[in-house]
Amino acid sequence: MSHIISAADAVASIPDGAVLMIGGFMGAGTPPRLINELVRQEKKNLTIIANDTARPGVGIGKLVEAGLVSKLITSHIGTNPMTQKQMIDGDIEVELVPQGTLAERVRAGGFGLGGVITPTGVGTIAAEGRQTIELQGKTYLVELPLKADFALVNAKVSDYQGNLMYALTARNFNPLMAMAADTVIAEAESIVPVGVIAPDMIVTPHVVVDYLVAKEPSNG
Amino acid sequence: MSHIISAADAVASIPDGAVLMIGGFMGAGTPPRLINELVRQEKKNLTIIANDTARPGVGIGKLVEAGLVSKLITSHIGTNPMTQKQMIDGDIEVELVPQGTLAERVRAGGFGLGGVITPTGVGTIAAEGRQTIELQGKTYLVELPLKADFALVNAKVSDYQGNLMYALTARNFNPLMAMAADTVIAEAESIVPVGVIAPDMIVTPHVVVDYLVAKEPSNG
Amino acid sequence: MDSKTLIANRVAQEMKSGDLVNLGIGLPTLVASYLPKGIEVSFQSENGIIGMSMLPHPGLLDDDLTDAGGNPIGSVPGACAFDSSFSFGLIRGGHLDVTVLGGLQVDERGLLANWMVPGKMVPGMGGAMDLVAGAKRVIVAMTHTAKGTPKIVKECSLPLTAIRRVDLIVTELAVIEPTDDGLVLREIAPDVSVEQVLEATEAALIVPESVPEMAFVA
Amino acid sequence: MDSKTLIANRVAQEMKSGDLVNLGIGLPTLVASYLPKGIEVSFQSENGIIGMSMLPHPGLLDDDLTDAGGNPIGSVPGACAFDSSFSFGLIRGGHLDVTVLGGLQVDERGLLANWMVPGKMVPGMGGAMDLVAGAKRVIVAMTHTAKGTPKIVKECSLPLTAIRRVDLIVTELAVIEPTDDGLVLREIAPDVSVEQVLEATEAALIVPESVPEMAFVA
């Protein structure tokens, strides 16, 4: 069961220096109001775990642009020259992780698994600092789980309790991250009464969602 | 894209001695027509990977009753005295696996992961013969992936291409197994035109389903 | 109150609103019937649902909606269905607040054995090992003895379910809490004396100066 | 035909009906436009969909339906959406029949480097490492040289994407197949000579007695 909270109050509960997982893929499925609040409240020194940093002015790109990010665990920054510049200038520490491995590490964090055993990255520089394991005649990397202080997730629809469903490619990392953080804050495009979303359509159950961002009145 | 096939022909393609994953939990979500065909065609010496053997006369219980099973990898046989008897008599070799570990092992098989790192079973007899690994100060078991020659899965609805959706607790192991076998045979309660199931409702994409069991005319 | 009712009723007092709760098959299932008024919890069934409820009518049996024992159930509005790997992700990942399980033995270390009797009964561990390894709180709900033979023992002779200490043991005689120091007798059942509990228990029990009677809420 | 069209067109001939295909960003994306008639494949986008298609109309831009580059796409009837762990389960688990990727270098062992130039360009590997490690068939679609500097080299100087040998290299000059024996020149582009290919290639090429011209189907 989630508590209903304003975007401002939700973000106010996040301290400087927090580790945040943020859903989305190139901005699709990244919670827009929570991102804007992070910028408005000038949260400092954030560690962000996310697939990418989108483009300047888009999604997580806004956090980079505002200089709020000190560390990134991500699979791709090639579409955001600002991220690359801050990395080269030493302002952001970047840990690059293969995308499938990133997904599994977040899942492992949320699912109580001790790590991930993957063939991806074996023999490349992504294997540096990783333990390897031989199983059934093949070599794999052992990748550690990821957890966060907060997960900021974006859903297409939530019910009043915080049961979430996602739409198309905006799903991506959101359901995985909703399992892997101490505090889960969900923003939804629309919020409907309990029972409106069929049980088989709900991807994230309300029991893992701590806060649901309240509706804002729409003009029009 | 799946080929449409009769239940009889689908089962005829399964040789004696095959390794089968069969979806379902106490019979819920176990494909009924495929089970009946396995019995009718008297497939011998099967290795079955499944959550349980249900009850006598129900689901996988029918295969046990007919004496078709020589090996079982499963989490629970307590509800089927016939399975227990055949195990004690030495007719069925049973490997008991914690349920969550079984689910992850099947998933690892289908998802190309080299194994599963789990805290479940550490320090118990379920750890026997398992490699252990220390990560971040905790001890885990390394459990190996499971794959099968065939997966027999049961869906609530399929479209003509073999895109599958499941209902409620009949989902269970089905979507995991549909990823983990060389040949996947799906049986669905109903079959609808392509496009009828929304993209967010499809849990198993048609690309992994090799055969879809044809509709049978209903009387009534 | 018979023994089962008493145990289920007492266990039910442990639930807090908002908890995600998994009830084992058998006695633990009864707990759902005794939730104190105003306490709202969600019930998970490990075969793949949060939001299970009693079936309101026999005419509504659904092959696709069953509990972990394969029995037909109902679901509440806001229920959510998922596959077995997600279900155990909830359990193993620490999202499950409470699991209530039956027990064959619990020992002085607070370790539970509840899934097999070698040579006699080998049902398999089902989800029990994951539940004990992963749930935030593990409550064992069982009769105090098996036809007079103590089930709370010095050290489990039966195969362990996990090496994680359980959090509470509730029997028809007592409420016992495993701690760093050993098993502490927290409550006794109505009309039961501390001596009776000690007599029915093989394990050493730490007995505080005063042991209150089990509390129930209507 | 310009170079890109030629490469995309030739790569498209490699597709078989029923294939699940993942096209990398940039040049590989063009492959979808040149599928031979009657060949029906499914396109996966690793951000979470099977069944992506071109967007039919700019008025239908959808924030929730994008390709791996964040650009709006459409979907075909029977499309299926899923999360990132499932998407890479398809890739890593051997369910993806073909991936077409760009390349910075491929070497005599058939190993690919395509994700960073140390000190210059560090975009990150995105899904490339999983794709090369996991796809049944890896096709590299790239220009033969980078402004004259050979990209098919003796040994990659750039960081490898994986230690798995790729299956085919298609450039505007040639089709080259990495084998146990080394890189075999399979086809040359129209109006290109074997000598021109050898000159533009740093790696040793095995040249069969006859090297046919690239085949295209309208």
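Order as written gives the chain letters A, B, C and D; numbering starts at 1 within each chain.
In this section, a residue touches a chain if its C-beta (ideal position, glycine included) is under 8 Å from a C-beta of that chain, and two chains touch if they have at least 3 such contacts.
Listed by chain with UniProt protein names: A, B = Acetate CoA/acetoacetate CoA-transferase alpha subunit; C, D = Acetate CoA/acetoacetate CoA-transferase beta subunit.
Note that the structure is a prediction, hence the values are computed from the model and not measured.
Trainee: Any chains in contact with both subunit B and subunit D?
Mentor: A
Trainee: Nearest whole angstrom, what separates the Cα centre of subunit A from the Cα centre of subunit D?
Mentor: Spacing between the chain centres: roughly 29 Å.
Trainee: Go ahead and note the Å separation of the Cα centroids belonging to subunit C and subunit D.
Mentor: 55
Trainee: Distance between subunit A and subunit B based on Cα centroids, please, to the nearest Å.
Mentor: For subunit A versus subunit B, the centre distance works out to 32 Å.
Trainee: Where does subunit B touch two or more other chains at once, residue-wise?
Mentor: 104, 107, 112-113, 118-119, 166-168, 171, 199-200
Trainee: Please list all residues of subunit D that touch 2 or more other chains.
Mentor: Residue numbers touching two or more other chains: 49, 75, 81-82, 85, 88, 91-92, 134.
Trainee: Going by the touch rule stated at the top, which chains touch which?
Mentor: Every touching chain pair, ordered by label, is A-B, A-C, A-D, B-C, B-D.
Trainee: So in the complex, the part of subunit C that touches subunit A is made up of which residues?
Mentor: Those residues of subunit C that touch subunit A are 18, 20, 40, 42, 49-51, 75, 77-82, 85, 88-95, 134.
Trainee: Considering the complex alone, what residue numbers of subunit B touch subunit C?
Mentor: Touching subunit C: residues 25-29, 51-52, 54-55, 58, 74-79, 84, 87, 94, 96, 98-104, 106-107, 118-126, 156, 166-176, 203 of subunit B.
Trainee: Name, in rising order, each residue of subunit B that touches subunit D in their complex.
Mentor: 1, 107, 109-113, 159, 161, 163, 179-180, 194-195, 199-200, 202, 205-208
Trainee: Name, in rising order, each residue of subunit C that touches subunit B in their complex.
Mentor: That would be residues 45-49, 62-70, 75, 81-85, 87-89, 91-92, 121-130, 133-134, 159-163 of subunit C.
Trainee: Across the complex, what residues on subunit B touch subunit A?
Mentor: 104, 108, 112-119, 133, 135-136, 138, 140, 142, 144, 165-168, 171, 199-201
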